[in-house]
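Below, each structure is written out as structure tokens.
In what comes next, chain A is part of two complexes: it sits with chain B in the first one and with chain C in the second one.
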Partner chain A sequence: MRPLSPSVRLGILALTCIVIVLIALITSGANPAQVLTTLLTDSFRSPTAFADTLKRFCPYMILGVAVFWALRAGLFNIGVEGQFLMGGMTGTVVALQVGGIGGVLLGAVAGMVVGAAWALPAAWIRAYRGGHEVISTIMLNMIAFQLSNHLVAGPIMDPDAGFPTTRTLGPQDMLGGVPVGPITVNWALILAFGFVVAFGWWLRKTVAGYELSVVGANPTAGSFAGIDVKRTTFAALLASGAIAGFGGGLQAVAFEGRFYMGFSTGYGFDALGVAILAGGNPIGIIPSAFAYSLLQQGSLAVQTLHVPPGIATLILSLLVVLFSAIRYGKVGHANG
Partner chain B sequence: MSIVALEGIAQRCGDFVALDNVSLHVRKGDLHAVVGENGAGKTTLMRILYGALSPSEGRVIVHGQERHYRSSREAIADRIGMVSQHYAIIPELTCLQNLMLGAEPGAVMNLRQCEDRANELAEQMGFTFDWHSRAESLGPAGAQKLEILKLLWRNAEIMILDEPTAMLSPRDADALFVSLRKLASQGATVILVTHRLPEVTEYCQRVTVLRGGKLIDAKEVRDVTRAQLAELIVGHALTAFEARELPQGETALNVQNLVVRGDRGNDAVKSATFQVRKGELVGLAGVDGNGQKELFHALMGTRGFTGLANLNGEDLSGQTTRERLAAGVRIIAEDRLAEALVEDWSLADNAVLGFQRLPSFRVGVGINEATKADRAQQFIAKFNTKCTSTDQAIGSLSGGNQQRFIAARALGENPSLVLAFQPARGLDIDATRAVYQGLRDACSQGAGALIVSFDLDELLEFCDRILVINGGVVSAPHQKERAEIGQLMVGAI
Partner chain C sequence: MGKWGTPMVDMSFITNWLMFAAILGLAALGGMFSERSGIVNIALEGMMLMSACVTALVGGTSGSPIIGLIAGLVSACLLGVAHWALTQFYRLDHIVSGMGINLFAYGATNFIALSFIKPEVPDQFLPIPVYFWCALIALAASWFIFNRMRAGLRLLAIGEDPDKARTTGIEPVQVRLWALVFAGILCGLSGALVVTNSGGFGDNLTAGRGFIALAALILGGWRPVSVAVACLAFAAFEAAQIQFQGSPILGYQLPAAFWKSLPFLITLIALAGLMGRTKAPAGLGKM
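And then the complex of A and B:
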């Protein structure tokens, strides 16, 4: 039998994905059209819903950059979730202590420092001892979960609260925004946009970005081209952690105003998908992050239709599979 | 009377014509050479005779009868055997197991009888084998011998050998031809695919020349000179690459007592001492795996060393690869895809590789896009890399074209020392000359070049001076002379 052409194979894959989603919806007993409409449009139902979507959009972009950065160096930073949590917790505590705009700034910076520190063991082990970053970052995630849960239920818990949370920052101690119609666009979101664009420029146009990409694509060729592969690897994971921690700090001072058990709804794990869905282009992080925030927001609403929220995860996962297939297909084509 | 006659063979794959109306007539008992450049269709023609390909047109006549082989199995049953360029030896199996693999005498084997027959065949050829040792202990020469015995084990009378000497030292190559002649005198017929013309003129009786998938000529070897053969192969007159007076520039590279640790913890380079002058092309002759790679990596800075290595008076030991690149050290790496290129990237992006920190390639923290585009064009033009644009992925080019690009890149941006590992790998005769001329030009601007090749004739033709590396020991022959160098290469002196 002749092998099928790449476009036919992609078509079959896309069709399979759609069928899987339909089967999942039908077995859940819901009306597929209604569920899909709700998933996609819930964010635009009310200003509050849209504001909630933006609250997700911001960390998805920043964490998407964190994952993308490491990915470009050939590293899979699963530890973004833990770095985000540690950054968010530290950022909250610092902002609570300092207060005002200084607290906002210091909180975000403290988040960045702690995020980098959380990635440091994994970066060092990977670069200089050859231990795989996936294993070490998963273990660091576990430590971050347990440590943050312990601290927020103990030393840094608001004694007046009935559940594990810190005190809440006042509005004057948080980052504001620009009102656009009925909603307020937080400065953090604007910062995140700028950050993605700046990252795209850095990666594609600078010598450092070029060297990072060489290390990810062919480290041996990199060493012959005068690149210190170990140092670049080390720096890339550290930077990825710093960005993730910054994202956590920013989330605390811009949107949440406090740190609590459940501060992250799995942003760090979703960010892995955001970065892969973005494709080869860093700017792709923006639409990809938006798709994630849209569907995750919608997944809350579909629960009212008695459909498990996992449906959004299912759709996103299949999208990631589909996009990976498109990218992989292109690479295979160039070689064939 | 021909034992093998291929008549009017054509082989097409879509629009691509690999062979066009090619005929080959081989007499019984001859060593028959098939020569031509890469892509001339030599291997394709042999695969047709061996039953691995069926021709689009034409007749295959073996032992006087027309054959339509549907697989190599049928060709083997017809007593045809083929040793391809890459040995089909499984290192984990013993020599005896390799010998019998796929041609075992039966489901139940009397191993003693098998070993007896193996010894008989080896003795007939003048080889000795420890049949129970694992094949990984064989060097390239031993592996080649085992491949030939595999043909005899299968009772082959027509033997096709594809570039059999590519990995052998001159001495082992000479020994191989002695065995082949012996086989021919006992009635076997040998078809030899090669690009080494001295082998043709010294050992073969007839020669068939292919170019671009067409038959150019078939001659008695005694009626043709080596130079005439070279012209038939490339299709135009070749002027000899002139030997010249030994350049007497000042010392560029000075190496004293250099020791380089190998991957297995042994000393891959043992106390090497030599110099490369400015202007000089120094060939480093040797069989693959004798420390060439480790020496190059040490000089490039991707592997540590002890001892002294100075480039234009500057100590290399304290310098990183980046600093050496800035000082003009360039490498044409051994393994194109693993060490020299990012396959999926464009020619333009690959043009920057290694130069990304040079001032001419930078604007502030960014890459100078104008320089990048300019150099990519320059590197493509230098040795005629065939591509559609500078945006084409370099992995989609043929190996030869990748090599042209890499060689041009290594000669760019004022080199002071060029470390060339098989710079002509996969190149045709014209491109090989162009690359060596490029090396000469770069050297006349003040660089020195150290060149590794496994083809001694190539080094003898193009280099000013030759050093030999054997078992990590670098030695200098008294003269640039084939016999002495050949002996040094196997440690016979």
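And then the complex of A and C:
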């Protein structure tokens, strides 16, 4: 088989993706242009819609950093979803017990600790036992689903509620925000912005950040240069879990105010896409997280056009694949 | 009511056990073809989900359960071939490609089910024993292929060291295509069994069974018979969870979540090397 040139190859892939999306849009019976417009612009329709978009934007940024951090060390933290759930659940319970601004702080910190604890087995197995982190974090995710669903339907459930949820935090027990025009920008969102920028600075300007990138790029070279590769790997997964758990705690005390079955709408899995779409620069997490928030918000609105919400996931999955193909596609001989 | 409160074993336990074992076994064997050829496959879940949805849709609309199943298998194979093309030609990281396929399957099945599956059209499925036979044949066939057939040995050679295999004149990329088609057929059968058992398609119907199958594949050390044993064990946990729901065992009330978590917990312990080491194919993830 004669190898095709990389650009032709990418062209074929892009065309396939476009055709799949077009087929989906046309068979749905709605006007394709209208569906796309709704998907992309629904967030700006009303202050409520924009506030809902921001509520997604915040965890996407924080979890995006969590995934990016591990990815820089060459590790796939698929467990972000489970760490986020465990952090959110613990954060809610702690904030409910403590209350006030102390509850907010302790809730977020408790989320961080539990997130790190949930990543600990994966970090240890990867760094010191040689087991692949993708498999262990998938297993830990499944256990986190089971455990959080079990607890929220029993021990920590609000007995007066008709469905699995904890009690709700009062407004005085939650993180406030700054009013900007008709909407309130939560402090959590500002924190998330600062966090992404700080992470970008840390990665580029500190020794620890540099060591992380070296281990990810070439662990053998790293160990010759005197970097403790095992320790760096261990620390990277632990930090990734801590950030994801912190994101969960923050989501509870800033936006949700309670933990319930369905607390995460798959933020952790989407965050993998957010980090991949961000490209090589951590600052890229901001636009890529925003794109994710827009499309997910729009996916709710397209239902009024009788288009199923799955269309957004479908488009995002193709975007992730296409974008990765562009990044990876430097070489291209058919038979390697 | 006997001495133990509930009878320890009855017919529904056995049928549930066989059912879950067949679902896991088919998918895990599918994963084995892929991973032994060197392609990491976390997309088992996505292939199963796609096949479950398409089997229900086409079976219902065409009125023929056979056509439904074939369409389901083809859809799963297409995802398998997509994984092959993305990892072999576009050089995507195998995890990224697998994740993309899982996401795609989740979105696409939600879209297809809500757009096209009409609740008033009765579903058409093949009888469940058909799948039991398929699972048994798949197990025997994979044992035979990997132990007795030239093609199977070539596949193993590629999975261990693609460069050495290449020097003997084997084309890894071509063999991997067939491996992924096999993976698609087996995961497709597994997904079709899931939807047959539940009687209709719904969002995320496979509910992580593809990942349990992946766990069984690892626990079984990528070998057909050991993988089948791991699947039987995991299926027993799931069947036991249904059997013992709400009834105390030796005085303890174990929540359903415990039984459901057990396969994952055991796999974690095995991954930590606390149950003896299993050896992954050496060339896993290599070109």
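In this section, the second predicted complex is superposed on the first by the 316 of 336 C-alpha atoms of A that agree within 3 Å, B and C clash if a C-alpha of one lies under 4 Å from a C-alpha of the other, contacts with A are read in each partner's own complex, and residues count from 1 in each chain.
Keep in mind that, in the parts below, a residue touches a chain if its C-beta (ideal position, glycine included) is under 8 Å from a C-beta of that chain, and two chains touch if they have at least 3 such contacts.
The structure presented is a predicted model; accordingly, all values stated were derived computationally and were not measured.
Superposition of the two structures on chain A shows chain C fitting alongside chain B with no clash. In the superposed three-chain model, the partner touching more residues of chain A is C, compared with the other of chain B and chain C. By the document's definition of touching, of the two partners only chain C reaches A:Ile135; chain B does not.
Contact with chain B, but none with chain C, is seen for A:Ala217 once the two complexes are overlaid on the shared chain. Contacts of A:Thr206 after superposition on the shared chain: chain B is touched, whereas chain C is not.
Once the two complexes are laid over each other on the shared chain, residue contacts for A:His150 go to chain C alone; chain B is not touched. In the superposed model, A:Val321 makes contact with chain C only, not with chain B. In the superposed model, A:Ile227 makes contact with chain B only, not with chain C. Once the two complexes are laid over each other on the shared chain, residue contacts for A:Leu120 go to neither chain B nor chain C.
In the superposition on chain A, contact is made by A:Gly310 with chain C only, not with chain B. Of all C-alpha pairs linking chain B and chain C after the chain A fit, the shortest spans 7 Å.
In the superposition on chain A, the residues of chain A contacting both chain B and chain C are 331, 334-335. Interface residues of chain A facing chain C in the complex, by the touch rule stated above, are 9-10, 13, 24, 27-29, 76, 78, 121, 124-125, 129-132, 134-136, 138-140, 142-143, 145-147, 149-150, 154, 269, 272-273, 276, 307-318, 320-321, 324-325, 328-332, 334-336. Those residues of chain A that touch chain B in the shared complex are 205-208, 210-211, 214, 217-218, 220-221, 223-228, 331, 334-335. In the complex of the two chains, the chain C residues touching chain A come out as 40, 42, 86, 88-93, 95-97, 99-101, 103-104, 106-111, 113-116, 162, 171-173, 208, 211-212, 214-215, 218, 255-258, 260-261, 264-265, 267-268, 271-273, 280, 287.
Across the complex, chain A is touched by residues 300-302, 320-326, 331, 333, 338-345, 349, 352-354, 356-357, 361-362, 365-367, 393, 395-396 of chain B.
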